[in-house]
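Alright, structures below, take your time with them.
Next come two complexes, and both contain chain A; in the first it sits with chain B, in the second with chain C.
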Partner chain A sequence: MKYLHLIWRSLLRSRRRTLLTVLSLGVSVFLVATLQSILGTLDGFAHNPDSANRMVVRHKTSITNVLPFRYGDWLRQQPEVEAVMGLQWFGGIYQDQRNFFANFAVEPEYLVPMFKEEVRGVTEAQVRDFVRDRTGCVVGQALADKFGWKLGTVVPLQGTIFPFTPRLTIRAIFRGKRTADEMALYFPYKHLEESIPRMKGKVGTFWVRVRSADDVPRLIERIDHHFSDALEPTYSETENAFQLEFLKMLGDYATMIHTITAAVLAAILIVTASTMAMTIRERTTEIAVFRAMGFTGRQVLGLLMAEGVLLSAMGGLAGIGLALVTAGAVRGNIGTSIPWLSDFQLQPATLLFCLQATLAVGVLSTFIPAYQAVRRPIVEGLRSL
Partner chain B sequence: MEAIITCRGIAKSYYRGALEIPVLQGLDLEIPRGGYYALMGPSGSGKTTLLNLIAGIDRPTGGSLEVCGYQLNDLDDDELAGWRALHMGFIFQNYNLVPVLSAFENVELPLLLTTMGRRERRERVMEALGLVNLLDRTGNYPRQLSGGQEQRVAIARAIVTEPEILVADEPTGALDAKNAEEVMALLEHLNQALGKTILLVTHDPKAAHHARVQIHLEKGVLEKTIEVNRPGPA
Partner chain C sequence: MTTWLLFLPLIPALGWLAWAALRHAVPLSYNWRSLWQRKVATLSTAAAIAVVVAIFVVVRSLSQGISHAFVSSGRSDQAVVLRANARVELNSTLERDQVRVLKADPLLARDASGVLASAECYVIMMLDYADGTGGTNVAVRGLEPAGIRMRDRVRLVQGRWFNPGLWEMVVPARMAWRFQGLRLGQSISFAGHRWPIVGVFDAEGSAFDSELWTGVEQLMQARKRDAYSTMLVRLADPDRLPGFIRQVDADKRLKLEAKAETDYYGEQTEAGKPIQVLGNLITAILTLGAIFAAMNTMYSAVAGRTAEIGTLRALGFRRVEILASFQWEALMLCSMGGLAGALLAQGFNGIQTSTVNFQTFSDVSFAFTITPGLMAQGVAFSILMGLAGGFLPAWRASRIPVTEAMNS
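Entry: the complex of A and B
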């Protein structure tokens, strides 16, 4: 503790250089913390515990191929199945392309039983209205808040996949566990089917809720085996696996984020190493004087290392602070175009990783110049004025 | 009088590639406790090298060196560092104060190596700064001090651990005549009043005149020893 004052003062020797180094470290750590947390948030969708007993059945060829609606009847007869719901991604736009949100055509009577965890807070009467009204819809609270919608508001959705523009009346507004769950709109499948002749008796996917998650693998095998010789064979997978496939449409974001993280860490290592090498080289004589006074090589090495680690820690904490402050902005801005990120949060594990990484940068960047400095003979150091 | 520094056949060579450059060649020297010695000679005569060897910041390539009862050849680097902290005070030509520390903090530095508590350290620092007459400059940083004041802070730093020996390499080399005289008077006081053994390297005959004994080196060998006729212990 008695050396802390000395370390701190040494760090402030060149305030501008220290400030610039802390800032560059801070911005880099902010970038790493935010990107890694985005990765963690996206991964959360592919590892959602609420989805453990849900699975998705789609066409074996691709997600754009459709299945006969009658497959749903066979699926409902399976003893492990609790609920089955036909679901079609509609991909409609509200007013402007920037107002992106998820919207689906579904079998309305199965919506709540299927998504018990995600669609909550709607009354039986509202569900009844939704089931009866083919031009009705239900929306999440976050989505309603975003556009100022209320019960009874008519929402025109311009189709991008299907050439029609349904005008949907809001019959219920639900609450979900996560904001991302509330950023969705569901309308009756019949409305789509009636408006688009090629979709008559066809649907993109079946969502299947199984009584026990343990039964999912067996059921997947049975379904795909049953339809293997059909004209439209199926491909079944867990909801988490399906989400992961959807996320992959964003590109190989995980590799991209990990690559950026590695590049940023390498850059801050070089920046800190350069700063520490410069600050230690400038103090060659001072280091020799310390050693002449009786400080051992290990003690001087410890002081210099502590200085490097403190510098990195300051940068790391500044970056984490910046990331915490801007997390809301990520949710509010990026979250509106990538709905998965509307629940963006800085992950504690990521923050810990950032702190550990910056401390490692401090140690690695300081050790070599500090070790070289204390290995230098004292008389040489005193001469180098 | 008991010798505090005993050099027997001290030799030191530097190497430039395979070429050996001898700096000290089998030098014998005894300095008594409480002595005030000035090492003189032309550049390259080996006076600073001898000072560095005696101060334990360099190692001889031959001979033996006993200082304050320790055979320095027998001590490893860490032991030697501990020995310097206890027995040696350094005064440099360019003061070598830490620019980001105040006068008080600079003087306190060597005490950080001891087990002293904060209060005791403070007392010792104030005592040392009092001896060099700088109690009104404790909070000043080196850039806020004159050259003479900086050197007095450096002297306070050298004596704060109460070492037996003070080594000074051209302590007046960067000072004007008035400040140089003040610093030399201060060293003389430390020798006479506190009994510190002082070993001084200087080119300046005026500064050397403050010493009791002048040792002249020439090409790494002891050329002559001159006793200065002044009152006090030799």
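Entry: the complex of A and C
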């Protein structure tokens, strides 16, 4: 510890170099922290502990095929099942295509029991209003805030999949754990069914809430077996698997992010190593003087290594700080083009990883030049004095 | 195109540098040799720049590949007719009598086999990946025979076209190896039938490279639909296209809308937006990092050569010439990295990948295409880094007082 001042002074000796190295490390670490957190945020959607009890039943052929509504009655009779809700992706547009948000037609009476964790903070009176009003709807707080909606506002949704433009009155506004959950609108299924003849008695998916998560695998098997010979066979999976399927559609984003992370780490290793090599080479004489004064080789090595680690740690912390400061901006900008990222959050594990990685970069990049400098005979170092 | 605008400031700067080099300035070989004096620093900086340039080129090729898939799909004398407000084929429905009305339009082109209009059915289905890691939604298009003739970029590479009356499919070569059961002679099970794969086509990277093709009537029958999705029409006179579109939009009987095929696919390039946004962010940040690294190296090059700079000044070289000389050195350093990075990126050329079109929830397959143009962009980009990273150190070098420099 008593050498900390010495290490600090040697870093300050070439302020510009230290600053440039810290900045170059900082932006790279910032990038790694942000990218890895994007990955972590996306993964969070496919590993949502709240949805362990829920599963999704859909048509085996594809997500756009519809199932007979009566399948819901059979599902409700299963002993493990707590609640079943028919849900149809409506894909309506509010005013402009860019105002994209998720909107679904659902069986209103089951909405709150099904999404207990995601749809919260609505009073019983509001739920009653919603269930009674066939042209009513429920929206999330974040969505209501975005467009300045209040209870009673009428929201026209222009159908894209269905040639029909419902005008929906907001009957309840809910809060959810995540912003992405709040960016949704639900309206009564009956309204859709009555307006679109081909949807009569048909629905896209059933969401099933199971009493105990342990029963889910067996229930999935039983449902699919039961309907395997039907005209409309089903495909059931857990809600997490269903989400993962959509995430996987984004492309192999995980491989891309990991590749970039590896490349960036390699690049900063090279950059730091080159900086430290420059620093140490300039100090050949000084190192010789230190050793002539009685510092052991190991001590000098330790001092140089500490300097390298301190330098890279500063870069790492600068990057993490930058990531923390800009997290809100990332949420706002990328969140609009990739809906899942409206919940973008820096993951503590990722930040820890970044810190560890920069420390490792510090150690790895300094060791070789420092070791070489220490191995050099003192006399040779003093010769240039 | 817009990317090239970014490189516009390069032109005057490079022009000035070339002029400085030609005007009996400090010889360039001096800079080249100086770079190799400090091998480790030079190589490591160049390597870092190479990584950044490689990422830049690969990410750009990714977003270009996606846009290319859509932009190259349309023809300017063809129009897609959809249900009003449907936006994409998947959402659209078209009744048989509407199709009859449209096909009778005198503006449409004809060839030996009849009118060039194809009523089509567009659906999606689940297919399993060949490597057994799950599956994804892929698009299936049912066409009339005219539909094949109207897409002249699509050509058969293996087997034969489907027979419109049979349960047969033709698949793009790019998808054949990515999914189970899509090779020639294999078959897939879909909508209660087995569909043998009778042919493989290539669509030159357009959107059709992500679609399975079959006869429209077979597909509708299998999916128990009695309505088509959309219709593709070709006009006899390309100039009449806006008129045709207005006419369809205004026809109250039809309640349909028509879009130029090029516009229709142009709108779908949105599919590449997430990757584009992410790519731009990544490149911007990394560039900043690389510029700092280049600056660092150049500053230490300047610091280590104070005496040399003093000598140059004493020999009569002017400040501007020294500025130009060091700027050249930075350019050499960075463009070396840029060239290496562009070559590195070349290794990605041809790798197949895919993303999803969120408007149709279906798979879009495309290949990384590292074109010479993209590689040139990468190198231009590294030159930009060299200019930005080299200027301050070069400025500093030119400002060192002669006496002080000679003293050290």
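Here are some notes:
Convention: the second predicted complex is superposed on the first by the 380 of 385 C-alpha atoms of A that agree within 3 Å, B and C clash if a C-alpha of one lies under 4 Å from a C-alpha of the other, contacts with A are read in each partner's own complex, and residues count from 1 in each chain.
Keep this in mind: a residue touches a chain if its C-beta (ideal position, glycine included) is under 8 Å from a C-beta of that chain, and two chains touch if they have at least 3 such contacts.
As the structure is a prediction and not an experimental result, all values here were calculated from the model.
After alignment on the shared chain A, the placement of chain B and chain C results in a side-by-side fit free of clashes.
The superposition places the C-alpha centres of chain B and chain C at an angle of 90 degrees about the C-alpha centre of chain A, rounded in steps of 10.
In the superposed pair of complexes, A:Asn99 makes contact with neither chain B nor chain C. In the superposition on chain A, A:Asn333 contacts chain C only, with no contact to chain B. Using the contact criterion defined above for the overlaid structures, shared-chain residue A:Gly159 touches chain C, although it does not reach chain B. Once the two complexes are laid over each other on the shared chain, residue contacts for A:Gln372 go to neither chain B nor chain C.
Contacts of A:Arg298 after superposition: chain B is touched, whereas chain C is not reached.
Of the two partner chains placed by superposition, A:Ser228 touches none, neither chain B nor chain C. Once the two structures are overlaid, the count of chain A residues touched is higher for C than for its counterpart among chain B and chain C. Across the superposed structures, the minimum distance from chain B to chain C, using CA atoms, reads 12 Å. Every residue of chain B that touches chain A in the complex is listed here, in rising order: 52, 55, 57-58, 77-78, 81-86, 88, 90, 92, 94, 96, 98-101, 105, 109-110, 112-113, 118, 157. Residues 16-17, 20-21, 23-25, 27-28, 30-31, 34-35, 38, 60-64, 91, 97, 158-161, 163, 235, 245, 248-252, 260, 263-264, 266-268, 270-271, 273-275, 277-278, 333-334, 337-338 of chain A are the ones touching chain C in the complex. Residues 2-3, 5-6, 9-10, 12-13, 285-286, 289-299, 377-379, 382, 385 of chain A touch chain B in their complex. Interface residues of chain C facing chain A in the complex, by the touch rule stated above, are 40-41, 44-45, 47-48, 51-52, 54-55, 83-88, 90-91, 93, 123-126, 134, 136-137, 190-191, 273-275, 277-278, 281-282, 285-286, 288-290, 292-293, 295-297, 299-300, 353-356, 358, 361, 363.
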